[in-house]
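For reference, chains read A, B, C, D, E, F and G in written order, and residue numbers begin at 1 within each chain.
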Amino acid sequence: MEARPLDALNRSRDKKVLVELKNGRQYLGTLRAFDIHINVVLDDAEERHEGQVKRKIGTTFIRGDTIILISPAQ
Amino acid sequence: MEARPLDALNRSRDKKVLVELKNGRQYLGTLRAFDIHINVVLDDAEERHEGQVKRKIGTTFIRGDTIILISPAQ
Amino acid sequence: MEARPLDALNRSRDKKVLVELKNGRQYLGTLRAFDIHINVVLDDAEERHEGQVKRKIGTTFIRGDTIILISPAQ
Amino acid sequence: MEARPLDALNRSRDKKVLVELKNGRQYLGTLRAFDIHINVVLDDAEERHEGQVKRKIGTTFIRGDTIILISPAQ
Amino acid sequence: MEARPLDALNRSRDKKVLVELKNGRQYLGTLRAFDIHINVVLDDAEERHEGQVKRKIGTTFIRGDTIILISPAQ
Amino acid sequence: MEARPLDALNRSRDKKVLVELKNGRQYLGTLRAFDIHINVVLDDAEERHEGQVKRKIGTTFIRGDTIILISPAQ
Amino acid sequence: MEARPLDALNRSRDKKVLVELKNGRQYLGTLRAFDIHINVVLDDAEERHEGQVKRKIGTTFIRGDTIILISPAQ
């Protein structure tokens, strides 16, 4: 059980995660990297819309200040 | 009685809390971790909409700058 | 007479205050804690809408960057 | 003649000022305190709407990042 | 020729400038003070709307983060 | 496999990338430079709209806080 | 070929650039100064709207946080 949020995020490294953005978009991919600003890098990222894959965008850098939440992919 | 807000938040650690976001969404879950940016990690998080469970999203990292308030789950 | 705003806020500690948010919501409660970011903790917080109690949410942490103003409860 | 904006603001201390917010609201009151974030405390604050007093809210803390401008009350 | 923007702004000190805000409003006045946040103080400030004087507001403090641009008054 | 997002971004240097902005616009170009704010410089940048080239704007500096994501051009 | 975005921006100094703002407005002028916040000063600045000169505003200070991109004038 982690005391700090970034420790918890670290446990998701190299696992599939869902990243939800402030503009409503969702990205599914393997969490390769993150930093204290919550900038993240996803491998094999897919943009999702209402559960459907909208497009595949490969290794993607997402700027932290656009992110609402990061949860395990389901 | 705490002098600092984060001390009060610390008393909610490992308890069920309701997190309300700027976009109107609500998340219910067990508060596992938080930091000075109010980034939080919830275990067994559920997205709520008008009192109904909308979806279960497991252990979830929520970026602090999207949060309006954190209160005890009721 | 205080020279600094946080000194004035400190005089409201343990008193009933009204906290107004950028999204138009109002919270009434006892000011237990605040910090330099104006993160606050209210005890016995009530969400108000046009003077009516909308819901009671107990001890509540409110993130400072969502707050417009804090005034004495009336 | 001041070189720094906060020096000018200091000359308004204990005088009646009009504070205009990003959400269009105006507050009239006596400027008691301010800090480098432009957090301010007004005594005997009144919320104004199109020149009319809408409500009196007493000693009020206003978070700096909601403020557009501060001018002498007229 | 200045290498730094604030040097250029300094050349407008004590001259008439037009300050345009993010909310579309324009203020015309004599630039008396500014700081690194681009907080400014205008003397004899007038609020303009489509080239017309809307109201005169005297010595006015404008918070920097609401400002889009500052140009010479014309 | 990088531990930090900027390391991953560095691997895209001198490659064609797609930069998506908060306002919905997309820019395609060769990533020449970036910094910790995610300010970027693209060479031979093109503004895209729904897959069509809208205009060519040459070597372009994009301010980091307007960026949502950076992915490989496809 | 620059490693840092501000180096690239420096190569545009004293050249004609197009500055695009978050509110959709465009300014054309000679880049005289900029800083790490991307505050810029343009000489002989013109406000453009759909390719037409809307007004000439002379030497203009533009606050960095309103800027989306800076590209060579065409």
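In this text, contacts are C-beta pairs under 8 Å (C-beta built on N, C-alpha and C of every residue); 3 or more make two chains touch, one makes a residue touch a chain.
These figures come from a predicted structure and were not determined experimentally.
Asker: On the document's contact criterion, could you list the chains that touch chain B and likewise touch chain D?
Answerer: Expected: C.
Asker: Stepping chain to touching chain, what's the minimum from chain A to chain C?
Answerer: The fewest steps needed to get from chain A to chain C is 2.
Asker: List the centre-to-centre spacing of chain B and chain F in whole Å, with centres computed as mean CA coordinates.
Answerer: Going by mean C-alpha positions, chain B sits 34 Å from chain F.
Asker: If you average the CA atoms of chain A and of chain D, how far apart do the two points sit, in angstrom?
Answerer: So the centroids are 42 Å from each other.
Asker: If a residue has to touch 2 or more other chains to count, which residues of chain A qualify?
Answerer: Within chain A, residues 65 contact more than one other chain.
Asker: Just walk me round the ring: chain C, then chain D, then whatever comes after, in order.
Answerer: Listed round the ring from chain C, with chain D adjacent next, the chains are C, D, E, G, F, A, B.
Asker: Mind pulling up the chain D residues that touch chain E in the complex?
Answerer: 1-9, 12, 18, 22, 38, 64-65, 67-72, 74
Asker: Which residues of chain B touch chain A once you look at their complex with the stated criterion?
Answerer: 14, 21, 23, 27, 32-35, 39-41, 45, 57-63, 65-66
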